[in-house]
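Next come two complexes built around subunit A: one with subunit B, the other with subunit C.
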Partner chain A sequence: MGEKLLMKGSEAIAEAAIRAGAMAFFGYPITPQNETPEYFSRRMPELGRVFLQAESEVAAINMVYGAACTGTRAITTSSSPGISLMQEGFSYIANTNVPCVVVNAMRGGPGLGDIAPAQADYFQATKGGGHGDYHSIVIAPHTVQEEADLMFDAFELADKYRIMVVVLVDGLLGQMMEPVEFKDWVDVKKFKTPEWATVGQGDRAQRNILISFDILAEGLEKMNLVLQNKYAKIRENEVRFEEYKMDDADYAITAFGTVARIAKTTIELARNEGIKIGLIRPITLYPFPEKVIENRASNVKFFFDTEMNEGQMLEDVKLAVNGKKPVYFHGRLGGIVPTAEEILDEFKKHLGG
Partner chain B sequence: MIEFEPKNLLDKEFQIFIGRIGSGKTEISINFAMKLKEEGYKVVLFDMDIVKPYIRIRDVMEELTKYNLEIVSPPEATRAIDLPIFPKFIIGRLMNKDGYKILDVGGDPYGAGSIAQFRDVIKEGLYNLFFIVNTRRPETSNLREIIKAISMIQDASRMKVTHLVFNTNLRWETTKDIIMEGLNVVKEVSLETHIPVAFGCVDESGMGILDSIDIPILPLKLFINPLPLTGIKNI
Partner chain C sequence: MATLQEIVSKQVPLAPGHRMCSGCSIPVIVNTIIAASDKPVIIANATGCLEVASTIYPFTAWKVPWMHLTFENAAAVAAGIETAYKAFKKRGKMKDDVNIIAFGGDGGTYDIGFQALSGALERGHKFLYVVYDNEGYMNTGNQRSGATPFGADTTTVPAGTMSIGKTQWRKNIVEICAAHRIPYAAQATAHNTLDLFNKAKKAFAADGPSFIAALQPCTTNWKYDTALTMAYSKLAVETNFWPLYEVENGKVHINYKPKERKPIEEFLKGQGRFRHLFKPENRHVIEEMQKMIDEEWERLLKLEESQVQI
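Moving on, here comes the complex of A and B:
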């Protein structure tokens, strides 16, 4: 740990990725996350690492794919429309079982949308997005410090499971400035090229081949089962969440990222009025912390999910609650950020009902 | 504590705030404009930031209208699209001699470069160009970095920095030690470059930590504070 700095989330993400051993960045500019590639563009050459502005998002993600196949820690960052363009690459990366990190600073959609912060890419990030039966690990920080810390975990998880890890933030978490302290640098000299990497045959009896397809259905089903086994392990071992004031809570708010921080203020406001609300904040959106929600269903009167979308994580919350208690919802669309007071007003509509 | 007195700066019609991204330009421009207005001067605040996607003067207009500040900002319709558009009739507004013109310019050479086009209006001798420094921001933490940043921004804006503004802070984690350490760096820059320190800034809620500071202070009322933290602990 070093000296504390005041940083924007978008800068902290880049600095943390660099310290975590990102050796190659490929990307294409898009608002509201341009500070991230800009930061990489200054720092990566200083360290003798790769920064490359690709000709498009499609090119960028395929460059990440290529670098990942050599066992190199590679990253790209973008925002919603840019992430949509990358989906084909994500799907290929998934079935090739190679690690990489992708940051999506979500903005208002669909289509070109706007540049205001949003959370409407939850489905896209957690349910696949591209074609085929695949998942990525999806992590959702809610402070600048957490953005910095989780970048290290993102690279570790990617390598551990040979999987793409999506760090899902929004424009506001990128633009806001907070004090931040970074973990120690990962010593990249100690990196060993993975056994599976396609870096030349060397002393191996056989050359390594990384491939995302099998032309025979039986073979392709086997490839799929490898993925599904991996996802089962991830669901078993990598769930992360924060419970905030849940111990004595009569009601639970579920929210992630930016809205979770607003909800913490809502909870303070409510508690000043004697209404005991707590927060369950998924940190991993995939794997989703369904057990904690299921368990809390016996303690609380109802759940209140709030997001900057039309109710996407809401579906996972409902599956976890499984009908045991009502699940209500409030969302804002198109890049509107709800206020703490607004969430409380909406919440109160369900009291005594 | 010495309270900041703008009088000595008012022989110039343009008061321009520049710096690296995140140095505090917008908050300080707003507070500087309010200070002049409070003292009875006519002021016009210009939102010239075409770099940041949000957290700009135009995003806190509603709040600012309570203070009757005259604000020139880009068209409302461009608020949430990615178009770097200056306010309408900008040249005319800048040429208007009535009142002090306070300019919040976008960060870094990108932002500062955008005002070079107005240098026939904002002529040398007519402006104060304030370079804002927070030594807890990346790339302005020491003498060498700050001098490099000043030089890059001067080259881009084709204007000369006339004053330094000291704004070292770590938001709610600011301490007296952090302030004093930053002030020493900024004084070193001033000695080396012969650019005077005009004033320092501190969040008005944290004035207590400034009892022994020897530069004039402009207390800041903060307008741009998206999503204040409640009960956040580091994970």
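Moving on, here comes the complex of A and C:
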């Protein structure tokens, strides 16, 4: 770890990605995350790495796809409407089994929406988004420090599983400034070209082929099963979450990203009044931390899920709780950020007698 | 031929109170072009400065039918409107003639919207596409685009000790559009309002797709005094940086030839985005720019003289 710096989230993401060994950035302008590509545009050439502004998001993600096929650590960053345009590329990347990192600074939707922070792309990110049976690993930091830390993990996970990793943030986490300490630089000189990469046949007996299709259904089913096996391993090994004040909690709030940090204040307010609430904060949204939620269902009286959407993670929480306890919800839409007091007021409505 | 007085005395379709930056000439471009239409207009507007600043929710500055679209689809939606309109006319459900206009910035025209534009021009829909060209993604904070000139400093091609800013020449969008064999394509500016007005007239009269690229000096990101928009617009023409010309049925006609071409420095001077070019080590960039501009002008003169089809 180095010195402590005061940085904007959107720039900390770029700096962390660079230190984590991102060799190529491809992107296209969109608010509210332009600071990220702008930061890359200054830093990448200094290090002899690639910064390229594409002519559209469709081009940007396919440039990432191309770079990823050579085993290069590649990244793009965008915001909701831009991410929608990239979905076809995501789907191809999934079935071709190549690694890359995508940051989505979510904004209010649907359609053009607005540029205020939102969490309404949860379904799109965690359930696939593009066509076909696929998943990406989805991670959701809630502080600038965590944004910086998880960028390193994002690249590691992408390479380990040859999968796309989505870092799901929002404009609020991008614009806020917080102290941040970066992990040590990844030594990119030690990078070896992966065996599967398409970089010319070289000394291999056969050339590498990366492919996202099989025209015969039997073959395509096998390809799908390879993906599903990979997802099973990821669900087994890569679940991450934070439990906050859950040990003595009578109630559990579930929340991720921006809302999770607000919920921590809600919990302080509630505990001052003697109401023991804890927080279960999924850090990986896919794979989803269903076991911890299932286990806590025997300790708490009910769950209270809160998000900046109309109840998207709520569905995963309900599946995990599986009817053992009630799951209540409070959400704000279209880019409105709830306050800690508002969440507490909504929570209290369910306390009953 | 209309007089300036007649043009400005027409009721403007874009109401005052919009949120365009002070010194922005987009409203002049939009109002002049629509003033040239003697039929009702329908506007398809891509995401960009014009759209954002004219429709701050829940308000709108538009007094004419207007539709906002995704960044990449102004030409596609205009094509859809035109197709529906033709179908309605055929069935007798509509009687009035209309002019369909698509407005896009240079990002939405040269870059992300280019596929839709090319498709609509090739299919031959009768509509006018207008790019207000401020030479970059100005609404999102000055990122480079396919229209950004050689040597300009932007946030994604920043100038510095290792870089002169953008190292590519901008696309020649007027000739690219003309190469679709459309009946009318032209290059214009806001300062020469009569020229812009006349070009819009010709565009509306064309039997098929038409295209106008209007230079839109951006006080915010070209970084100059807000009072100087028209001055820079004029300098762009006087230096041959942005010649006023049109391509009618493939034949080039230059609308204005400066008596004495001014050196490009006069256009670059005072613009923050070119400030770095005046350092001694970057003089060669200005020289290269001058050479390119002179060569392009010579080529344009030859095209006009020979009347070779573009």
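Note that in this section the second predicted complex is superposed on the first by the 352 of 353 C-alpha atoms of A that agree within 3 Å, B and C clash if a C-alpha of one lies under 4 Å from a C-alpha of the other, contacts with A are read in each partner's own complex, and residues count from 1 in each chain.
Rule of thumb we're sticking to: contacts are C-beta pairs under 8 Å (C-beta built on N, C-alpha and C of every residue); 3 or more make two chains touch, one makes a residue touch a chain.
No experiment lies behind these values; they were computed from the predicted model shown.
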First (subunit B), second (subunit C), both or neither touched by A:Pro194: neither
Touched partner set for A:Pro37, first subunit B, second subunit C, both or neither: second
First, second, both or neither for A:Gly311, with subunit B first and subunit C second: neither
First, second, both or neither for A:Pro45, with subunit B first and subunit C second: second
Subunit B versus subunit C as contact partner of A:Pro29, first or second or both or neither: second
Subunit C versus subunit B, contacts on subunit A by residue: B
Partner chain in contact with A:Pro81 - subunit B first, subunit C second, else both or neither: second
Subunit B versus subunit C as contact partner of A:Ser56, first or second or both or neither: second
Where subunit A meets both subunit C and subunit B, residue numbers: 31
Subunit A-facing residues of subunit C, complex: 47, 68, 70-72, 107, 110-112, 114, 137, 140-141, 143-144, 146, 155-158, 162-163
Subunit B to subunit A touching residues, read off their complex: 21-22, 52-55, 80-82, 134, 136-138, 141, 169-173, 226-232, 234-235
Contacting residues of subunit A [partner subunit C, same complex]: 28-31, 34, 37-38, 41-42, 45-46, 51, 53, 55-57, 81, 85, 112
Contact set on subunit A toward subunit B in their complex: 4-8, 11, 15, 31-32, 35, 108, 114-117, 143, 145-146, 149, 171-172, 175-179, 242, 244-245, 258, 261-262, 264-265, 267-268, 283, 335, 337
